[in-house]
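Next come two complexes, and both contain chain A; in the first it sits with chain B, in the second with chain C.
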Partner chain A sequence: MPRIAIKRLEKRYGDVPVISGLDLVMEDKEFTVLVGPSGCGKSTTLRMIAGLEDVSGGEIWIGDREVSSLEPKDRGIAMVFQDYALYPHMNVAQNMSFALRLARMPRAEIDARVRRVADMLSISHLLSRRPRELSGGQRQRVAMGRALVRDAPVFLFDEPLSNLDAKLRTQMRAELALMRQRVEKNMIYVTHDQVEAMTLADRIVVMNGGVVQQQGSPQELYEKPANLFVAGFIGAPAMNLLSARLVSSSGGPAASVGDLVLPLPERLQDRMSPDSNIVVGLRPSAIKPAGVGRGELPVNVLLSEYAGAHSLLIGDCAGQRVTVEVTSEDVRRGAGSALFSFDPEQLHVFEARTGDAF
Partner chain B sequence: MSQGMSVRRASLASYLLVAALALLSLAPIVVMIATSLKLKTQIFGDTAAFFFVPTLDNYRAVLSDAQNTRYLGNSLIVAAVSTVLTLTFGCMAAYALVRFRFMGRGVVSTGTLLLRMVPPAVLTVPVFTIWTYQYGLNNSLFGVILLYTALNLPFVIWILQSFIAQVPQPLEEAARIDGANPYQVFFLVVLPLIKPGLAAAAIFTFRIAWNEFILALVLTNRFTRTMPVKVSLFLTEHNIEWGQIMAIGTLIAIPPLVFTFMASRQIITGMTAGAVKG
Partner chain C sequence: MISRQVLNRASPYVFIAPAVLITSIALVYPVLQSIWLSFHEWSIGTPPDQTRFVGLENYRWLLADRAFWTSVGVTLVFAGAVVLCETVLGVGLALALDRELRGMSIIRTIFILPMMVAPIVVGLIWRFLYNEQFGPLNQVLTGLGLPAMSWLSSPDLALVSVIIADIWQWTPFIFILSLAALQSLPSSAIEAARIDGASPWQAIVFIKLPLMMPVIVVAALLRLIDAFKVLEVIYILTEGGPGLSTEILSLHIYKTAFVSQQLGRASALSNLLLVMVMAITLALVAVNHLRRVATRRADAAEG
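Let's turn to the complex of A and B:
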């Protein structure tokens, strides 16, 4: 299975640059997820790897071949499209075998492969149906099957779950995760849904404005976001970000948010110049009931969102909006002022001007 | 109650309108078929307008004439071959106009329709001159086929463009990734999906080629004549064979009818095919 390397990749539509100087390496057998908001260039990047979009500059290497000028069919890739793109005039078996028939593979082997993949995806009973006779989830599987049958070394997914309803999406996500345990391929997956990214990826590449913001394992991105964008994008509910000013207090570095003073992690002691503008980040789940952590956080609760075992409290802290995740038993206290606490070591601190993490 | 009455009155009026329209379009056909089943004396007599003993004499006369079967064959060849040629070139041209970006694309795309606005009669003299003196294509079926193809292409290109534009591009991309070359993408994926468009275009082209008179009259001789031309020859200065004219007219109407029914079936199945995502 080849390693994919992208070097100084560029894409311009006319004079408008969409991607400028993108460098990425996707290791062998790795499940890489490109994630970012719409228009961040993730789909364009994937389509350039697939060969569906011309490259304006730079190189794409799959294994030891530079492929950026090759036709899609010569790149050794299989792809699952957002709208499935099943051929409406062919039945499921014909859809799945299309590539193999084009490659003039012997009939017996085509049948065997289609059977095997159809069994794996539990769609054997659908083989003679047309796409229009299938439900959304079944079409999704067929699209997956059509890609799997190829046995191509590289697998591309372009937002494959975005057309499914919420329940089916969760289910298919789990099946995708199961499938990738069985199929050892180099997979690149594009999505705007950070939950999909977190649950599926070996490695997440967060993109914004055609630029890679950060790449790493889901844990790395969650625990050590490199900048404000990644901090706000990864994790649900989103991280609380509070504008603050750096002050020094007797107990070490601290941030003043309005008239509130929050203790900062000790490790940041020497790295910051006092009196600078910063943004303090704190995950909703890192906010605990009063007395648990060293830092204190008074919140004027405005609203609670019940979500089963957990609930979200949305409130106001020194004039800025914060979200707190609590177990639902705690919600019954209702609206009004409440005191919470946090562990200063779990605070993320960013420079306000550049957005970079300290 | 009054509302119900007005609805009924409206539907009655529309039924009458539809009935009148149906009568208008069917009457000539009824007269044609009836006349074709009459003897000459019955045609010109004023007694047996609707009640008469039908005879197949006219059909016998028409079909026993070896010339007529030959002309019928000519008509079939001209209509069928020009339809096939028109669709073949038309779908490829339409595909290029819809999917490829090149200079002058917009001009060509709208220009095709402009060409359609030229009445064929205007072309008669120049085409005759060019076909005869430059290429020697007069009096040959090929000359007629070529002309019909050229005349019908603009409209077919125009009609197919809208069908091709509706084929979702991801399908073509999926085919490219599946290993199809541009021709395979076109013939294996795009073409089956625009069958309804092809059927509509085929009906149109076939009918025009089958019925065309002026250009065929000018470009054919007694061996290469098509049926519409032959019919006109029954009008001589001595005699007008109404019975035979109507018999031929009836026979001529059959192939386009059959063809239209066959082709329209494609249109109906095509309408339910579509659907890419759920």
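Let's turn to the complex of A and C:
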């Protein structure tokens, strides 16, 4: 099972650079998720790994082979497409066995493999159906099955769940995670949905504008976002980001947001020059009822969104919009000002000019 | 006062009435007239009241006529050959030219030009090309040291020459429709085939052609209907000769009506041709219907 290495990868459409100088390493048996907003180059990167898109510069290594000039079929990959890409004129069994038939595998072995994978995905009863006789979720499974029967060492997924409705998507996500435990392969998964990235990935690569913003485990990205983009992209509801100014106060470093002074983590004491512009990040779930944390946060609540066990309060803090996540029992009826608190150690602080975390 | 509801219900009929009227005058009436005429004997120039009812005599005479059967044979060979060649060439060209290269749109436009030339002009162009003494084709042949060919005056070669001219004109029809079909194929299915290990040839044979097939079948049937009715190009090129070697049915009808002046027999002939073309048309409708039924059943299964 190979490791995939991408070195100084470039892609241009005419004069328009889409990806410039991308370096990535995906370890063996690792589930890597490329995530980012649309147009960030994640799908293009995946399609270059697959060989469906020409490389404008740089190298792609799968195992010990440089594959960027090889045909897709010679790269040892299987792929699941966003629109499933099933062959409409073939039934499910023929769809799944197409690659094996092209490879002239003996009939008995083809049948055995198709049956095994179909059992695993619970689609055995659909084998003689045509794709258009299947529901979206079933098509999704067949697409997965077609990739799995090939037993290729590398698996590529191009937004495989984005055509499903919300409920089915959650369900298929869980099944994908289960399948992932049974099939040990190098998987690369592209999505724009950070929840999919967080729940599935061993490692997340956050991309924006053709550039890797940060890579690491879901936990690392959540707890230590390297810059403003990652901070705003990872985590739902999104992190509150408040423009502020660094000030010195008697009790250590602090940030002034309008009239408000927020204490900053002690660890940042010597690393910052006073009076610079910063952005302070605080996750909605890190905001607690008054008195719990050392920092105080007055919020003028404008709206509460009830979501079952939790509710989101959307309000205004020193002129900037903030979201607070509270248990629904704590929701007071109606709007109005309320005092919340936070632990300064949970604040994220970014340099305003570069967006980089301190 | 007519209620609004009645007016509403009547409005579709009001809208289709002009079309129905024109079709009745221009299509249904002549066909009925031709059926009526086919049971009569009538020569051009004689007053209509001198027509004589002869029952099925015209049909009986036709079915016993060697020239009729020769003409049927020529028509079948002509139609079969042109449709087969045009389909193979048209689909082949579409597959070959379905790529994004510089200047490809110009090449595609050039390929569909012959279809836009009026049939009479096509006939004249090819008559010049085939001319035994001055025609470019024979000049090329003699220039290469090969013997000149009697393109239009040899009974064996004339039908082939006529077929070539038709292929030149109508291959573009299949080409355009195939290209459109090809470009509307789901690109991801073809990409999936590449990843599954299909070579370009295998992708064509196992994915592209099967998916294009509904369009190809309809295009070929449309061409078949047209090929049964072709007249102008052959009329200009050979007038059906030498002998009867290129006298396809529509030309045979023309000659029976306006050269032999036997309108009753010509009408009977027309009706037989109409039956043949109708059979092909019904096949076309059946193909479409079956496909729609299959789609509907599939959609029902999905819903």
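What we mean here is this: the second predicted complex is superposed on the first by the 357 of 358 C-alpha atoms of A that agree within 3 Å, B and C clash if a C-alpha of one lies under 4 Å from a C-alpha of the other, contacts with A are read in each partner's own complex, and residues count from 1 in each chain.
Assume a residue touches a chain if its C-beta (ideal position, glycine included) is under 8 Å from a C-beta of that chain, and two chains touch if they have at least 3 such contacts.
As the structure is a prediction and not an experimental result, all values here were calculated from the model.
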item	value
Three-chain arrangement built on chain A, chain B and chain C clash or fit	clash
Touched partner set for A:I77, first chain B, second chain C, both or neither	both
Partner chain in contact with A:N163 - chain B first, chain C second, else both or neither	first
Which superposed partner A:S128 touches (first chain B, second chain C, both, neither)	neither
Chain C-contacting residues of chain A that also contact chain B	50-52, 71-73, 77-79, 81-89, 98-99, 102-103, 132, 134-135, 146, 150
Chain B-facing residues of chain A, complex	50-52, 71-73, 77-79, 81-89, 98-99, 102-103, 131-132, 134-136, 139, 146, 150, 163
Interfacial residue positions of chain A with respect to chain C in the complex	50-52, 71-73, 77-79, 81-89, 98-99, 102-103, 130, 132-135, 146, 150
Residue ranges of chain B in contact with chain A within the complex	168, 170-171, 173-181, 184, 188-189, 192-193, 272-278
Chain A contact footprint on chain C (complex, rising order)	186, 188-189, 191-198, 202, 206-207, 210-211, 295, 298-299, 301-302
